Every structure is written in C-alpha cells, then in structure tokens.
Amino acid sequence: MGEHDLNRRQFIKTASVVSVAAAAMSVPFISARASDTRFVGKTLRLLTWSDDTGLAALRNIAATFEAKTGAKVIADRTGSTSEMVAKLKAGGDRPQYDIITLAGVGAEGLAAAGLLEKPDLNRIPNLVDVPAQYRTGAGGHGIGYLLWCNSLVYSTRTLKQAPDSYAALWDAELAPNIFLPPPNWTEAMDLIIIAAKLAGGDEHNIEPGFKKLAELKDRVMTLGENPNQIAELFRTGSLDMGGLYAPAFFPKQIRDPAYGLGATFGMKEGFYTDLMLSVMPKNRPGDTDLAYAFIDHSLDPLVQGKMAEDIFNGPVNAKAIISSEARKSPYILTPEQIADKAIMHDNAFLATVHDQWIRRYTEIFSS
Amino acid sequence: MEHQALTHPQSVAPMRSRRSLSPTARAWFFLSPSMLFLGVLIAASLLVLRMSVGTKGAEWSGFSLASYGQLLEPYYLKSLLLTLRLALISAVIAVLLAIPVAYTMSRLASPLLRRVFLAAVLLPLLVNLLLQSYGWLVILGPAGMLNQALIGLGLIKRPIMLLYNQNGVLMGLVQTAFPLAVLPIASAMRGVARSYEEAAATLGASRFQVFRQVVLPMSLPGIITGATLVFAYNASSFVVPLLLGGRRVPMLAVMVHDQIAPLMNWPAASAAGVVLIVTTLLIMTLSEYFTGRRRRMLEASQ
Amino acid sequence: MSVSSNKRQALLPGETGRVAGLLSAFILLLAVLPILTMIVMSFSGAANLDFPPSSYSLQWYRAAWHTFVSPDASDVLSLGQAMGTSLLVACLTMIFATLIAVPAAYALTRCEFRGKAVALQLMSLPLVFPMVVLGLALLLVFDSLPFQMTTSRLVIAHVILALPFVVKNCTAAMLGIGSEVEEAARMLGATPRRAIVDVVVPLMKSGILAGMLLAFIVSFNEFTVTYFLYTIDVMTVPIWMYSRTVSSLDPTVFSFAVLIVLIDFVLIWALEKLVGEGGVSF
C-alpha cells in the first residue's frame, strides 16, 4: 500500500528472487485434474478484455481453472477498460460479475466509487512470490495479475535494428511516418512524461514535454485507437514506427513475417508498465471462496509463464516459469527483465493531471 | 403489462364519453402509450440535466455550474464549432448527393431496381462501422487502392492522406447519414404530383427545367427535413471521428466520451451533452418552422 | 393505375432521367464500397486483409460455421444464442413500437391540439440524443428501479430509438388516406371507434408494416445504447460482433458480417415490397 501513496514514479530496482530451478522444471501444464472438489458445479462470472489478452486469459487461466476445480467460468469478453468502468460504475450495487480484470486506473475509479471489496491477501497463497510493488493496486482493492508492458513498435523493413531509445521517435530520417497512442489511453500519459524527460523536464515539469511532442505533429499519421488498423498500416508499409503501444495487441501479427512488425522493450530509458488488476465487486453473485481460488490460480507460476509467452505481457510472479525457448524471444519478458527495466505507472499522480494532459495532447495533434 | 392495456384504447370505458373530451385531451390520450415509453427518455434527460449541474464524485448531491463554465474554454468552444461545422458541411454534401438519388428512386418503375437502391441507401447506416472502416482503409488508406492507382498513373508521388483527418471524417459522416437525407427527399419528390410535371412538359419546358423549376422547389420541405436529420445525427457522431479521424478530429461527442471514461467526470460529459442536445433541437425547431411555412404556402397555392 | 404508370414510363427515360440514374448509381456504389470490399475479403484465401485477395476460398465461412455449431467453450455465449436474443428483442420492439405508434400517429395527423409542437419535439428527441450519453442515462434510470430487468430494458430502449421512424411512417400513411374516408364511414353509421379500427387502420396497413420492419431493422442493428444495457446473459448480435472484432480481428468476422448484411438485405427487400411505389417515409 505504502508505495502507492507516493506521488512519484517508482523505479523498480528490487532484485527479485528468481528461481532458475523453477524455470527448468518441466511440470505438465495442468498438473492436478480436479484434485479439489469443493467447487464442482459452481459458476464464476468473469469480465475481461475483448482483445487477445482476454482470449489468452480464457485459454490459460479460465480453462485450466475449470479443469482443476470442476467449476464453470462464464466470461464476458466485451470490456475495453474505460467503457467497462463507466458501465460498472453506473450499474452500482448490482454487479453481474464475480471478478473483473482491468487496468489500474479503472480499478481506482471503481474503488473511489466504493464498489469494490478489499480482498484478504492471506487467502491468496501465491502472492508470496509476487514482489511487493505488484501485489496490490487501487489502494489495496485490486490484486496484481499481469504487467501491461509498452514497447516501441517499428517496421522491420525500414529499421534494420530495434531502436534503443525513445529519441528514435523524433528521428525523421529513421522513421518518416509514425503513430502515437490516443489521448484517452494511459500510454499517452507515459509518452508525455518520456517527452518531458527527453527535453530535460520530468512529470512535475511537464511543459518541455508538450513542446517536444508538438515537434512530431506533421509526422503523426494517426493516434492509433484500433490495433488492427495499425497492424494493417505496417503491413502495407505506410508506418515506420510508433508507440507507446503494447505488443500484446499484436501477438499474431508479430509472429507473422508478412506484417514486418517488430516491438522492443530495449530502450535505455526503461519501458513503461501498467499493473493490471483483478478486482472483486461488492455484492457479487457467486461464491467468495471460488473467487479467491480463481485469483490465486491466475498467479500460479505456470499460468503466469504461459500468459507471458502467449501475449507478451510481463508476469507479476517472480517465479513465473518461462520456457528456455521463449526466453530467446525479444518480446517475452522474464521476471529478471522486469525487475531490471520496468517503470511502473503511478495512477494516483496521473489522476491529478489526467484531464489537463488529455486536453493538451488532443490539442497538439488535432489535424 | 400496463402497455398492453393502453394500446387497446378502444375497449375501455372513457371511449364512450369521448364526445365530451376536448380535442387536446383526446389527442394526448392517443399519445399516452408512446409517452409512457418516452417518459423513460424524459427521465433520462432529466438525469442528464441534473448531473450536468452536479460535481464530479457528487453527481446527485453537488451543485455547481462549473461544467458549463468549462465549456466556454477555448478547448471546448473550438470543438463545438468544429462539430457544428462538420455536421453542417456533411448535411449540405449529403443533400446535394441525395437529390439525384432520391429523384431516381422516386421515379424508378422497376421493383427490382427500387429494392437494390433502397438496400444500397440503408446498408451503410446499418452495417457495423468498425468493419466498414477496414473497407475504407483498403480503399483510401495510404497504401490503399486509390493511392496505388494514382501513383501508378503518375499523378502523385507520395500517397495522399484521405483518412485520419477532417476529410476522412467528413466522408464517413456523409456516407453513414446518407439514408437520412435520401428518404425524406424521395418521399417529398414522390408527393409532387405527376400532373405538375406533365403540365410543365406540355408547356414546352425541358425535363431539366421541369426538375429544376417544379420538382425541386416543391420538394423543398423534404430537402430541409433531410438536411436537418443529417445535421442532428452527425452533430452527435462519435464512432466516425474515432475510426476515420484517427483520433485527430476532436468532435464534441468524442470529448463527451472521454469525460465519461476514462475521466469519470460525468457532470462535464452531461453538460456537453446538454449543449449538443439543445443546439440540435433548436436547429430542428427552426427547420420545422420553415418547412411548416413552406408546406402551408404550397398547400395554399394548390 | 395502369394509365398513370404508362405515363410515367414515358416520362422518366429522357436525358435528365438517364443522367440522374447513372449519377445516383455511381453515388450509391461509392456509399456501399466499403461493404462490397468486406464481402470480397470474406472470400479471401489469406489470413490478412490483402486486397484484392491473392487467392479465394471458403475457409472463413467454414470457420464461421464451425463457431456457429460448436461454440468455443471459452466464449460466454455462442452466436446462436446472441442471434436468438437479437431476434426476440427485435420482434418485441417491432410489436410494441407499432402498437404505440399507430394511435400516436392518429393524434398527430387528425387532431389539432395544444402541446402538439411539444409532442412532435419529444418524438424526435431520440434522434438528437448523443448515443453515449443516452446509453449511460438509460442505464442509470433502469438501475434506479427497485427490480431487475434484462431483456425488457433492451426492448424499452429499442422502442424509444425506433419510435421516431415508426411514427413518421404511420403519419405518412395516415396523411395519404385523408380524413374524408373516416368521415364517410361515420356518415354510413360507424361509431368513431369502428371507423378507425375497421376503415383507417386497414388502409394504413402498408405504412404500418413498413414502420414495423424499420423498427425491427433499427433494433437488430443497434449497438451503442445496447452496449450499456446488455448483461452477461443477454447479449445481442452487434455486441457479440463487437466482442469479436474490437481489437482482435480475423476474417471469420467478415463472414458473420456478410450474414448480417444478408439478413438486413432480405428485410429491406421485404420492406420495399410492402410499401411499393409509396416509398419508405422518414
């Protein structure tokens, strides 16, 4: 909790204990089949994202949970954090879901509206392997479940090697056509801070950042609201670089050479992450033990490793098991890399400037 | 259940005493079932109105006009002007394009062609815009068919940007709201009695003259209705600027959306919404006034 | 009838008619171009959006059929269920919207009364409400009620959204009849009620049916307001499509979209057939 009250970004330097042994272990993915019969026949209602992350969560978390416990997971995959939060807030004291996975900023909004129950951390055994700063968010109302990691996205056709600094975005020779995140995304907030730092300011001296961003205006093709359109623009050679944007949006396209799409976390300034949370609404329709069991299962080292490999997001569990094969991929983050280079999003501070920054950003890039 | 009781007004007792009912009471009696549904809408409107004078976090208890004050800041004023301008231009373009289409539709004899035409008019409004936007990307994108053709013909060197700016948004606005322009105009043109056209033709007017001097002026009420509908629909457009504007065309509804989420400032969203609703209602009232006058003039001249 | 249609045949072909015809065909072609592109892409043999596709196949239709018959265990609802909900909501919307619109149209055409301007404005209110605000506000209204509603709140919202279109068509149909018919019926001894039910309403039939179909079409395709009002168990087709397309795209979606375009096309076809030369009113 303490860390979250700080009004500044946290550079995570805590060297996490990484179990190489754990990585080497070859445990079958679904180890126990219905070993626990308490939950047979019970139903859990889950609201998750509509994108590939949500799909991967169903595959790697929900499906294995069903296999392990015999419970049924009904998932609504229509969420896109902001609308989802607005809807839940309006829905108030009649939640339809037992568990919701969403971005930190959304969880803060729901917590502020008094709609969330504070989970009892003692009922989630797997939390012991999660570094303290990733355990909870939204004032203890959410349990960390993955790190949404933002990269620089680039065309492997125009750029011979991955950019190693955010300054590359400002290099018109290197990348004539770029895209940036839309103003309402937290990625845009991070980009503003990056620009400020590159221009000698920081998040509390943000003005230089806006000036620096304004230099990009003529080269910005779009503020990419839709990842598929972005991928198409790369495939057709219309875009050269862009970001911040999570490779989690393009798991299929990055693997398909026809798109010429690359993403890198290797910037010397570090990469920005946002802690994604599982939250439990008050007055849930379902069983509380089942909800805790599901959250605990989502933190299982195997599950965490699978999620990281599947959709290029960072695991929060420091013992997450990433296969040696996957470790070679530049997109799949290991707990070590996260401990080393991840810069976490400070939602409490951003909440104080969000409105103004969205306006400035919108104004700068209005066509 | 109560709806059903009300939708069979014939069978209930008050009918017998209808003769004693004033015309106003009688009319509102017939309107009451729809008012029941519209009541939900009115409740929603009042809710929006209440929220717009609330404060963030205390939407129902706070009172402040700050959200309206905020709308006077250049950021919102510019957005409001942009919204009204794009809605107006799209209405003008849509109507200009709709006139020949509506004329043809109102005079088509072949049922087959009429059906295909109607489908072509309605479908762009109905089909998921997200999916249509992929179509636009393929056609108008920087590496789309049009740009490739133009480059192939040697007309341009660099691809021209047709999407992700105001042009792209304008095009999308016209395309999706097109049926709202075509259908009222077609109705009006159908209403222009053929005998007028024939009379004019017998008097030696060319077909184009007949169209310009008889059909067009007589369908003016339909044209104004169409333009108003397109304007009202597009003034609150949200998906089009989002998908075809690349987030770079800040129309007011997009900002309303940002205020609803992620900013959670519902009073600000409501105030902007109220301004949008009032502006469009005002323009619709004006148009209703003019078309009403025009219609009466036409009726008088008949 | 036949005389006038012969005259029209003589009237339309001509320079102006031909030019207008060609021009409007071209304009409409542009308007449906994105949809045509989408249809072509649904037959693509490739996995990306290359256009024109390098090869053609029915693979995406096969995949779509597969999703339809054996829904993914990981998905909340199958398309089949969503289709069921959509059809149910659209039918109920159609029935209620028509039942309330016919008397309203009668009042608006046959009566001069105080508050008519207000009534007309109220009828057009659903058209000018920004959809996002409307969705949020309706959700707040429904959630303030002491009881829970699922399908019914979708129906109520859709009826409100469809009302302007249905009323407009019924009004147009009623104007076309003229009050003399009703008066004649009354002079022949019919009670005012019978004059309406037995004479006016049957004459309005095609206008009413057109309004019904429009209500169905509006409801079947509505997205924004429904997004706020759907629940995990009651989901309509556009919501289902959205959850499939918003950020993960595969060409199966185009096959589904083609199916929906086809359904809409049939509905529009039927609509045109009903109203015939009278045309749809807006």
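As written, the chain order gives the labels A, B and C, with residue 1 at the start of each chain.
In the analysis below, contacts are C-beta pairs under 8 Å (C-beta built on N, C-alpha and C of every residue); 3 or more make two chains touch, one makes a residue touch a chain.
This is a predicted model, so every value here is computed, not measured.
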{"item": "Category of the chain touch graph - line, ring, star, complete, other", "value": "complete"}
{"item": "B-C or A-B - the one linked by more C-beta pairs in contact", "value": "B-C"}
{"item": "Centroid distance [mean C-alpha coordinates] between chain B and chain A, Å", "value": "39"}
{"item": "Inter-chain centre distance, chain B versus chain C - centres from mean C-alpha coordinates, in Å", "value": "15"}
{"item": "Per-residue overlap in chain B, given as positions that touch at least 2 other chains", "value": "130, 133-134, 137, 257, 260"}
{"item": "Chain A, residues touching no fewer than two other chains", "value": "83, 86, 226, 228, 232"}
{"item": "Set of chain C residues in contact with two or more other chains", "value": "49, 136, 140, 242, 246, 249"}
{"item": "Contacting residues of chain A [partner chain B, same complex]", "value": "81-83, 85-86, 89, 105-106, 109, 112, 177, 182-184, 186, 220-226, 228-229, 232-233, 236-238, 354-355, 358-359, 362-363, 365-367"}
{"item": "Chain C-facing residues of chain A, complex", "value": "45, 47, 49-52, 55, 58-59, 62-63, 74-78, 80, 83, 86-87, 90-92, 94, 96-97, 226-228, 232, 235, 249, 252, 256, 258-259"}
{"item": "In the complex, chain B residues that touch chain C", "value": "3-4, 6-7, 9-10, 15, 18, 23-24, 26-31, 33-38, 40-45, 47-48, 97, 100-101, 103-109, 111, 114-115, 117-124, 126-128, 130-139, 145, 175, 178-180, 183-184, 186-187, 190, 194, 197-198, 201, 206-208, 210-211, 225-226, 229, 232-233, 235-236, 238-239, 253, 256-257, 260, 266, 269-270, 273, 276-277, 280-281, 284-285, 288"}
{"item": "Residues on chain C engaged by chain B in the complex (per definition of touch)", "value": "4-5, 7-9, 11-12, 14-17, 19-21, 23-25, 27-38, 41, 49, 51, 96, 99-101, 103-104, 106-108, 111-116, 119-134, 136-138, 140-141, 156-157, 159-160, 163, 167, 172, 192-193, 196-197, 217, 221, 223-224, 238, 241-242, 245-246, 249, 253-254, 257, 260-261, 264-265, 268-269, 271-273, 276-282"}
{"item": "Chain A contact footprint on chain C (complex, rising order)", "value": "47-49, 73-76, 136, 139-140, 143, 148, 227-228, 230-232, 235, 239, 242-244, 246-249"}
